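For clarity, chains are labelled A, B, C and D in written order, and residue numbers in each chain start from 1.
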Amino acid sequence: MNRINKKLKENKKLLSIYFTAGYPNLEDTTTIIQNLEQSGVDMIEVGLPFSDPLADGPTIQASSTQALKNGMTTNLLFEQLKEIRNTVNIPLLIMGYFNPILQYGVEDFCKKCNEVGIDGLIIPDLPVDVYNEQYKATFEKHGLINVFLITPQTSLERINFIDSISNGFIYMVSSASVTGSQSGFGKEQTNYFKRIADMNLNNPQIVGFGISNNETFKQATQHTKGAIIGSAFIKHLSNEGVNRIDSFVKSIRL
Amino acid sequence: MNRINKKLKENKKLLSIYFTAGYPNLEDTTTIIQNLEQSGVDMIEVGLPFSDPLADGPTIQASSTQALKNGMTTNLLFEQLKEIRNTVNIPLLIMGYFNPILQYGVEDFCKKCNEVGIDGLIIPDLPVDVYNEQYKATFEKHGLINVFLITPQTSLERINFIDSISNGFIYMVSSASVTGSQSGFGKEQTNYFKRIADMNLNNPQIVGFGISNNETFKQATQHTKGAIIGSAFIKHLSNEGVNRIDSFVKSIRL
Amino acid sequence: MSYNVNKKGYYGEFGGAYIPEMLYPNVEELRQNYLKIMAEPEFQKEFNQLLKDYVGRPSPLYFAKRLSEKYNTKIYLKREDLNHTGAHKINNTIGQILMAKRLGKTRIIAETGAGQHGVATATVCALMGLECIVYMGEIDIARQAPNVARMKMLGAKVIPALSGSKTLKDATNEAIRDWINNPVDTHYIIGSVVGPHPYPDMVARFQSVVSEEIQWQLKEHESKTKPDYVIACVGGGSNAAGAYYHFLDDEDVKLIAVEAAGKGINSGESAATSVLGKEGIIHGSKTLLMQTNDGQITEPYSISAGLDYPGIGPMHAHLYKSGRAEFISITDDEAMIAGLELCKLEGIIPAIESAHALAIFEQKVFNPNDVIVLCLSGRGDKDLNTYINYFKL
Amino acid sequence: MSYNVNKKGYYGEFGGAYIPEMLYPNVEELRQNYLKIMAEPEFQKEFNQLLKDYVGRPSPLYFAKRLSEKYNTKIYLKREDLNHTGAHKINNTIGQILMAKRLGKTRIIAETGAGQHGVATATVCALMGLECIVYMGEIDIARQAPNVARMKMLGAKVIPALSGSKTLKDATNEAIRDWINNPVDTHYIIGSVVGPHPYPDMVARFQSVVSEEIQWQLKEHESKTKPDYVIACVGGGSNAAGAYYHFLDDEDVKLIAVEAAGKGINSGESAATSVLGKEGIIHGSKTLLMQTNDGQITEPYSISAGLDYPGIGPMHAHLYKSGRAEFISITDDEAMIAGLELCKLEGIIPAIESAHALAIFEQKVFNPNDVIVLCLSGRGDKDLNTYINYFKL
């Protein structure tokens, strides 16, 4: 069973953390992953940096730009992750835009992910139907879970369809927005979380976008399986580098 | 008999000088006139300054602008000329653009000219036919000679017409140009002077535009009755004020 | 009463050709030939073809919905701003360059205020491969920099006029001086309905395409060929002359001429000739002009370079004196606000000249059923700096 | 082989809608409605009326006599420079603003490179009274200052894009981010035939009026409806798409696409996508784009802001790959010289984008009887500073 599915079965609210590979320093990848696991994080999204991250806000954009400047490449990331499964057990996903994956070759990319022990992918600009028609078989062949996003604007019908082709979790974007652009959740979001929960989907939902502290984590996970933190953690890395990762994580889950 | 006609009968080449009234200083008018006569000049054109002297080159333009700044007005000029005939005998003409004369009132202007002893007018932008139809009678009633211009481009027919309505002299523009823009005469001009001389017009011709020294004066008067100096004299006034006018004049006629 | 020119070149008591003898052969050559040449089928064909394919005529007659709503009347904009080079001026320069070629001229001179006429002249000279010299007041060179750059791109030589107020009047003086100095090979393309006869009439005829089009365009929109009002700004008066032309003798069509009041009629800094001017002679024409009691021409002022002229064409002097047209003066401030309003309501940035015409809707109330045609003489690209600085955008 | 879009939004293998889920509802809403809305008679009427009365269409098809003589062939210029706001871009923004209104949107965003699309968007937003936000690369803001001023006059908010190469690509990213953040009330008016399906097709259809007119205009001039060649510059490819549209499936008509080679194809400072690009995804579309081996999008370079884009629209990728169109690259220097040449020969100052298309006459020899239509996509007023500095005029 895929590590993601196993993790989702645990009877707890999951905390997942996103970071951009190659940031703040080129060689920080494994250190960050290890520290995150040791701090009690449940799942990690390793960001493959992209020159034009159009679904991301300024914080993640800037980290991507810096990571590329530092020299991060797809090959290097796989190199860095080669031995990761010697030390790390929690699920690891790669989150990245479609073009670098396409240039690498989708099949090669999936194969390589499998080899280094990546469990799933989140590719915001790979549309559901293109995935379904062209890539689903490849992903599955290499044991990869592909994670789709839904937003408050996603129709019921489409949510059901996405649920039907998902085999891990659904990435629930807290509000229509790029990453890092929210502060705190209002009634609207809570209703949305509840509305989706009431759908009783096959796949559990994990909330992303706008989670930055204990309060928002609790709000986000009240009706869902877990939450993903991105920009807030990138900010921590900008300020403190790879230090005190555990205190950041503890501040979220208390 | 009008002083101009009398002068034209003298058996010599006439030297006529133009200056702008009110330049270089507001009160220089009578001094300049008196000095010019004493230096042996035959005729004087007193320039009534105009804001927009479009037939004049930069030298005369600048003198007009300065004269107006100094405070010259049509009334003031007549005031300055009031007693001029007590001391000056040579013919005096006023040279000016039509608009100030129009504003003064053409009839009033002519009357006033007559009172102070002005013998003729040169109004470059008063067209021959307008003069002929509307103002000839008035000018003649007040004993004023109106002087017309011809240029190398003026047709034979038109020269004959101008000759027919003139009763003094014809102002022969040396070449098609604004004042002050020539230096020396070439073959073209000499041919033109000769061509006009050969027409045996009723009115003698006096050449203007481009005469600045003894050489050009001699060239200009070889086939004509005389010549008018403007810009060259204005330049003398800018450099030396009302001083050494006689040496300027002597340098022309030697 | 006729409002058009008579055989002798006069509109009522205004007009004529008060020029130095040095200009006589040129002006006379033009006078004797202009109507003949304009009537030639070959000329008409070439002129109309260029207006269509090169200038982009017909210029639209655009119903300005939001502007009309705001002022509760029916406002049509005659879009001369859409012409090649951005103003009505090119209608005239196309005509005159064809005229100049038929007269055998090889060198073209022009004066310009806003630079639109200079650009339009430089443009047609490039098109015909003729040398082009443009005189422009030093102040106008500074405030209409984009047009100076365009003239240079087009290969014209721009010579600054340094005398007087260093604006349009002085540039015109310099152009006339140039023409005096170059009497054989040179044609002077005057940019408005000013100057000695036959210029006012010739320019008005070239611009008359504006009202010719208004007639059939209005028919399409309103099922009638005549508007209740025609409104235009007046610098020298060429866009107004063009917009009025075919309505001159039809007194059902009310004509409104808008002049620049500058900082206010009585501020001493104004260009409102009809209010402040008297009869006199300027640039070879008997007309109304701003002048001292002594007949010295006054230095005018307007924020708009194209209206910064102390005279108006003789046609307009006659329209004013006879009462045929209503004259209204608009201050700098009123014009700027009206210009910005058109941007915001209709997405059209007008030349500041044209903005003067637009400002009359704040001054004069029209009926809801009035059909008004306003000549939008030019676009405001040349004026961006002035707008931006004025509104501190 | 068809060169038009298929039902799934692809041109051959290019196109599609590679967008984040956050954009799905908006793009899907558009996809489901755009053809239906465009087919509505009311829509057609309003669109065509505005193109005629507001934009000034038809834009002339002008036979460039002196240019033709110089290159010994028959060159017609399709005068999109004469449109209101000065380029072809407004054909599309008029269409999209009408679309946005019918979709009930109240807030409009756009990206812009040269500023022409930004101005065209700000213009139609003013016309319709809608809020307008334009994203523009910081470098483009500096080099196309007049257009920034125009957008401000028109009431648009111009937001600088500070990431990446600070040009069109980055402005597009910012606009997409804005749309993600404002999924309900906002319509994103893309300015070229790029972006996710249905944008390339929708924009091409709005621009297709260009070739529709060419057909009947050419008939008037040459008694035939199809030229031998159609030439256009390609930034994203919208003016080219419009000029090609009705000739796409008629292989008698040869299509030439002109790209910006910048300082030279191999200089590292170029925007010649067809030569330097590979298949990939940019701004929601599978197409050709300039990228590293790793799939990072390259920062392009061209002296011309409107061509300074690392991709081309999927239609053009297909035209290139299938050989239907010939692609030619033109350097900065070649373009600048061709731009000045048009000024001097025809009195038309072209946008530097369009000057790239003009430069091909120095590269490729045509037959004397070839009938060539070149899309003069815009006027050069926005580029005056660049020209003046380049030529030290």
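Everything that follows uses one rule, which is that contacts are C-beta pairs under 8 Å (C-beta built on N, C-alpha and C of every residue); 3 or more make two chains touch, one makes a residue touch a chain.
Note that the structure is a prediction, hence the values are computed from the model and not measured.
Student: If every step must land on a chain the current one touches, say how few steps get you from chain B to chain D.
Tutor: Shortest path length, in steps: 2.
Student: What chain lies farthest away from chain B once each centre is taken as the mean of the Cα atoms?
Tutor: So the chain farthest away from chain B turns out to be A.
Student: From the mean C-alpha coordinate of chain C to that of chain D, what's the distance rounded to whole Å?
Tutor: 35
Student: Using mean C-alpha positions as chain centres, tell me how far chain A is from chain C in Å, no decimals.
Tutor: 66
Student: Using the touch rule from the top of the page, what residues of chain B touch 2 or more other chains?
Tutor: Correct list: empty.
Student: Residues of chain C that contact two or more other chains, please.
Tutor: none
Student: In graph terms, with chains as vertices and touches as edges, which category applies: line, ring, star, complete, or other?
Tutor: Drawn as a graph, the chains make an open path, so a line.
Student: Pull out all the chain pairs that touch, please.
Tutor: Result for touching pairs of chains: A-D, B-C, C-D.
Student: For chain C, which residues count as touching chain D in their complex?
Tutor: Result: residues 52-54, 56, 59-63, 66, 79, 81-84, 86, 122-127, 129, 146, 149-150, 152-155, 340, 343-349, 380-381, 384-385, 387-388, 393 of chain C touch chain D.
Student: Which part of chain C faces chain B closely enough to touch in the complex?
Tutor: 16-22, 24-25, 163-164, 169-170, 173, 176-177, 180-184, 278-284, 291, 293-297
Student: Touching chain D in the complex: which residues of chain A?
Tutor: Residues of chain A touching chain D: 50-57, 61, 65, 68, 73-75, 97-104, 124-128, 130, 148-151, 153-155, 158, 173, 176-178, 181.
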